[in-house]
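What follows is subunit A paired twice: with subunit B in the first complex and subunit C in the second.
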Partner chain A sequence: MGLKLSTIIAAVALAAASGWAAAQTVKIGIITTYSGPTAGQGDQLDKGFKLYLKLNGNKLPPGVKVEPIFRDDTGANPDAAKRIAQELIVRDKVQFLTGVVWTPNAAAIAPLTAEAKVPFVIANAAGWNIPRMSKYVARVSHTLPQSAYPLGKWAAKKFKRVYTVVSDFAPGQEAEDAFIKGFKESGGEIVGSARVPLATTDFIPYMQRVKDAKPDAIFAFNPGGKQATAQMKAYADLGLKKAGIKYIGTGDITADEELQNMGDAALGVITVHHYSAAGDRPANKAFVAAYKKEYGEKMNPGYMAAVAWDAMDLIFHCIREEKGKMDPDKTMEIIRNYKNPDSPRGPIQIDPETRDIVQNEYLREVRKVDGKLANVELEVIETQYKDPWKEFNKPK
Partner chain B sequence: MTHAGGYIADARIRAAEWLPWVFAALCYFAAPSYLTLGSYILTMIIFALSLDLILGYGGIITLGHSAYFGTGAYVAGILALRLTGEPLLGLLAGTLGAGLLGLFTGLVILRTRGLALLMLTLAITSLCYEVANRATRLTGGADGLGGFSIRPILGLFSFDMFGKTAYLYCLVILFASWWLVRRLVYSPFGASLTGVRENNVRMHAIGAPVYQRRVVAYTISAALAGLAGALLTQTTQFVGLNVLGFELSGELIVMLVLGGVGRIYGAFVGPLVYLVAQDYLAKRFPEYWYFGIGAMLVLVVMFARGGILGIIDAGIARLRRGS
Partner chain C sequence: MQDFLSSLVMVAFHGLAYGMILYLISVGLSVTMGLMGFVNLAHGVFAMAGGYMMLSAMSRLDVPFPLAIVIAFCAVALASMVLERFLYSRLYSAGELEQVLFTIGLIFMSVAVARLVYGPLPQPVHIPGYLKGQLHFLGRDFPTYRVFLIVFSVSLVALLWFGVERTRWGAMVRATVDYRAMAQSVGINTSRLFTLTFALGSGLAALGGALGAEIIAVEPTYPFEHLVFFLIVVAVGGLGSLRGPFVAALLIGVADTACKYWIPEFGAFFIYIATIAVLLLRPEGLFGKAT
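Right after this comes the complex of A and B.
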């Protein structure tokens, strides 16, 4: 009888314990792009997240579990993204939102996070003012002025006349504005600017216009992926390279996952960005090795995969700090003070004031390393650099 | 092509026709966490109804119906951003805007038939898409139009995060649209539309004003599509370029074919099945969900020419014969 009673007590205790453990499941809603012409970018985020979950998914306090919920937003499709975010919040009751390749999508989701008090860790979408839309938004990726503005200042030392070609949506316009500001402040001259529709893959007419204007260099921004390759091919096919027109831009135009498809046309292209798979930091070497082991020797992680890794690291840091009992305001407090000295892209931290990323920006050149194209980091052009655009546009 | 729909002398509402409304009301209580999806489905049903009116009853094949949906969505969005967030006014403006566009484009393109008409509808959608893409100041371009808020309906019911108000709002508007479409289809006007669809030459021969009938039907359909677009704008409080996209037109036809063309309730069943399946598959298999959708379509096209309702009809007919 005594035995029976103790068994019952044990069973009850076990049930209570497992019930308690089930209550400690932290749900992470991950929105990325799996279908449509821009699925390549979404795939980068997906690979970064899954790699982190596979290697570090168990580094949690006892009894705490993480449940990632992956959803497809089908591309730059703000109303679908907003609906999916709403479903993740209302139906799945997620404690974190992350992912999001596209700025329009993130801008549509941001107001929801304020209403629902769900911390939203942006892993790519770079439109500079998104974190201002809701105090539950933080970003681990980048803003375009962060790379385009220092590049503009640098370019003015090398070139006199530059033509800009950017994708026609908020990040493209921001890249254009920031580059031109940096370039002109240091005495450069802009000979022309073109904005390319976001969905285009035909860059020939735009590059022809650039060629006719005979600038010293062309500054470009596109959202990476297949478009980056298409623009690079148009640059080479029209003979801009032979005509001596240098190709420069933000790191999106030579994203590591696409770089091998671009061919030798990409050699000598100068970019400024926060991440290169060729970076020689030990943390990056370990990350690239893990990535290659998981996805194949020929695969290189692009900047989105590296950022997705960091986003997941930030989320896991919050879960560990709060021991799985997530409180949105406490989470945001932890996020605001997040520092990681050893990210694949070097030291990073979240700016407590703007909830945006602070990181090193590297000047890189595409060169051949062991017979393969690589974004070789030449120098750190800005150290622990905040988004300059928020400094120039202080909130009133 | 044969259609089950058409002119019926007895236009009284049969008992079975109340079923969708009972179902919709039950969903409100049974699935409170699915109301956002529910509102979207209801909106797409209105959109599918508008297509059914011209495709199913009028026999006008179009690949460009999103032009009117998108126009309604943008008109409602721009109105809410610039002037007033009054929802009913927004619906009215969206409906009128799309209706006007439908009238003017209809007057031109309905002079053609068949493939030429198909190409023209496609061209109109592409034009509207490019205009919205380029007129960044007005439409927000690829970044979309957001940052507006919709006032409470009639000053009483405000839109909430859980989509309760939005769901009921969509349901009421759908009911009104259904009533209108049903009246039209069962009227002499609907009979003449079916006549044009079945035998255009003969309708000419008996002196029916074929072109005028087609333009009127097209305008009404465009206005209804605009209403659906405006409703989407108000319930999501965001307008993206994709509301004018060709993909949406295609998706809409797929939904209607899935449900069954030319029978009003095909427009109810199609979007419901398609969007619920999409929601389920996209959640279960975020990487490969399009495969499931594709397989479903192949099966419907191979085995159920009349759509889901066609299968049900055939089943009932067989039961009757058997007993």
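Right after this comes the complex of A and C.
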């Protein structure tokens, strides 16, 4: 017994000593979705973060360490997300928050970051006004108007009548609004709009309705993952393609991680987005190769994995600049001036004014490359593009 | 007008497909509740198990689709027999609270096991090539798989009704539902009857879960998420009958589809209103016996 006790004391002493030696440990609270029907999206963020940490986790000033703390918010669940963020801030004393698939969750967390002065780097949640909710919020992902608005303008040149189908939550409504604005401004006609519940797995009734309205094209937004596959399946099963109805949308509807499950019905689908695993930039080729090496040859990084990678790069940039002695206001200053000319999705930067991402938007088409479906980038439809919605809705 | 009629046809068609799946899953629940007075909230577990069985047999073992369905039915029916003998039968005489707690516990366990084995995501459904595409009749396209779903379920239901209305086993089940003590006293082995009926109900749920995997995604939270629909079918239809849940399932299937088709922003709202209305007017359900 005496021996055991001494061992415990030694262990405690050792732990305390190592804790003291690692005083420069920067804690990063990572909130993503590991359970529930939308865990596929969370898994993408997780894979992007972990890949970056594995390959670049040691590129830090001497004596500085990073401690990532992963937490599960179980899906679009603002209450859980808020509680988890609170725990991370108060108990774990994290110096960064990042991750967050869902807009409602990010909106619940944002006010906490203003109170606690914890920089919050959003790696997916796309609701356009979240960065306005706290000056400690920055976003490396995208907003829906960023892709839907240029797509609307482009679509008006090709189609006269379009039906829109979006997931019924804030980003879905924003995608719908932005597409319709762009499409109508350029002379298109919207023949109908449907908003479907976020957790829908059977899109058949909604897509049947679209088919019966006989539009030239359907514009869709869904939150990627399995929902994207389910909607594509309904598009195929009901024969919309055969009926000559073109399928277009934000890049979420042909998310790369799910694309191979969608079958040939996806061929010819047109999307606008900031990232494609098929992008032929050298930085992207290196990223995709590293991803495949880590997770398997059949796996493709989706846009969320690519963004998670960038989010971690941004955080590491801040840690290096401040040599591990993190000061929230200084961190935000560095974030506002962050530029990365060589991200997997091309050049990106943070807009100093809105703390939102500035990036290229690509027009893509699903084609077969080496026998596999791929989102082939046709052209840069908008270069170094800011969220148009913040321009249209200036703060009063 | 032409457009409206063709919309009606499509809503009825998709609603029928969904309703038949709901019926296959729920009929067992109605019968076990009516027959044994047992509140088996974990009934959805059998449907989920059926879905997982079929999908993993097809994707991991390359079993052809028809055989995978048979495997799902038999495996779940057998497993439920074991459960009934060793667990459920101990609680037949217990109060409703114990039964509810027990079956909720079973749901939690099954959710955890499913997540452990299959992960949290909905399982991808790969229907065989000959059931893909559309069938063209009456000047419209109908997805082949859903046509198959309807035809298959309708024949299954016909078989089930024949069994219950015309066979000796069916007569025994009906007698036991009506008056258990009397049935026992004329020599019906009610405990064996319970086991068999329970297994059949679970097997049907497994079929529903497997065939309907495309409509109701197979994922670990399945038994919780859809429980309310199964209960509505039983409550609206009435306990212990075959016809009641059938009408209720079709009503829900068609109403839900119509809602999604015409007023998607309302979601499943209409179903709950309809349920409340039916239960206010007929607390014992559409075809239930007043007690």
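We adopt the following convention: the second predicted complex is superposed on the first by the 375 of 396 C-alpha atoms of A that agree within 3 Å, B and C clash if a C-alpha of one lies under 4 Å from a C-alpha of the other, contacts with A are read in each partner's own complex, and residues count from 1 in each chain.
Going forward, contacts are C-beta pairs under 8 Å (C-beta built on N, C-alpha and C of every residue); 3 or more make two chains touch, one makes a residue touch a chain.
All values derive from a computational prediction rather than experimental measurement.
**Q** On the A-aligned overlay, A:196 touches which partner chain: subunit B = first, subunit C = second, or both, or neither?
**A** After superposing on A, A:196 lies in contact with subunit C but is clear of subunit B.
**Q** Return first, second, both or neither, reflecting whether A:108 touches subunit B, subunit C, both chains, or no partner chain.
**A** First partner only.
**Q** Taking the superposition as given, does A:152 touch the first partner, subunit B, the second, subunit C, both, or neither?
**A** A:152 sits against neither subunit B nor subunit C.
**Q** Given the touch rule stated above, what does A:91 touch, subunit B (first), subunit C (second), both, or neither?
**A** first
**Q** Once the structures are superposed on A, label A:35 by its partner contacts, choosing first (subunit B), second (subunit C), both or neither.
**A** So A:35 meets both subunit B and subunit C here.
**Q** Looking at the overlay, what does A:169 touch: subunit B (first), subunit C (second), both, or neither?
**A** After superposing on A, A:169 lies in contact with subunit B but is clear of subunit C.
**Q** Taking the superposition on A as described, I'd like to know which of subunit B and subunit C A:279 touches: first, second, both or neither.
**A** A:279 contacts neither subunit B nor subunit C.
**Q** Tell me which partner A:77 touches in the superposition: subunit B (first), subunit C (second), both or neither.
**A** Touch partner of A:77: subunit B, not subunit C.
**Q** Just checking: does A:48 make contact with subunit B only, subunit C only, both, or neither of them? Give me first, second, both or neither.
**A** neither
**Q** Just to be sure I follow: which residues of subunit A are touched by subunit B in one complex and then by subunit C in the other one?
**A** Common interface on subunit A, subunit B vs subunit C: 34-35, 168, 197.
**Q** Touching subunit A in the complex: which residues of subunit C?
**A** The touching residues are 3, 6-7, 10-11, 14, 18, 115, 119-122, 124, 132-134, 141, 143, 145-146, 214-217, 219, 221, 257, 260-262, 264-265, 267-268.
**Q** Under the stated contact criterion, what part of subunit A meets subunit C in this complex?
**A** Residue list for subunit A touching subunit C: 34-37, 39-40, 168, 194-197, 201-202, 204-206, 208-209, 212, 225-226, 229-230, 233, 236-239, 242-243, 261.
**Q** Within their complex, state which residues of subunit B touch subunit A.
**A** By the definition above, subunit B touches subunit A via 33-34, 36-37, 40, 133, 136, 141-144, 146, 161-163, 232, 236, 238-243, 282-283, 286-287, 289-290.
**Q** Which of the residues in subunit A end up touching subunit B in this complex?
**A** Interface residues on subunit A, with respect to subunit B: 34-35, 46, 69-72, 76-80, 82-83, 86-87, 89-91, 103-104, 107-108, 111-112, 115-116, 127, 168-170, 197-199.
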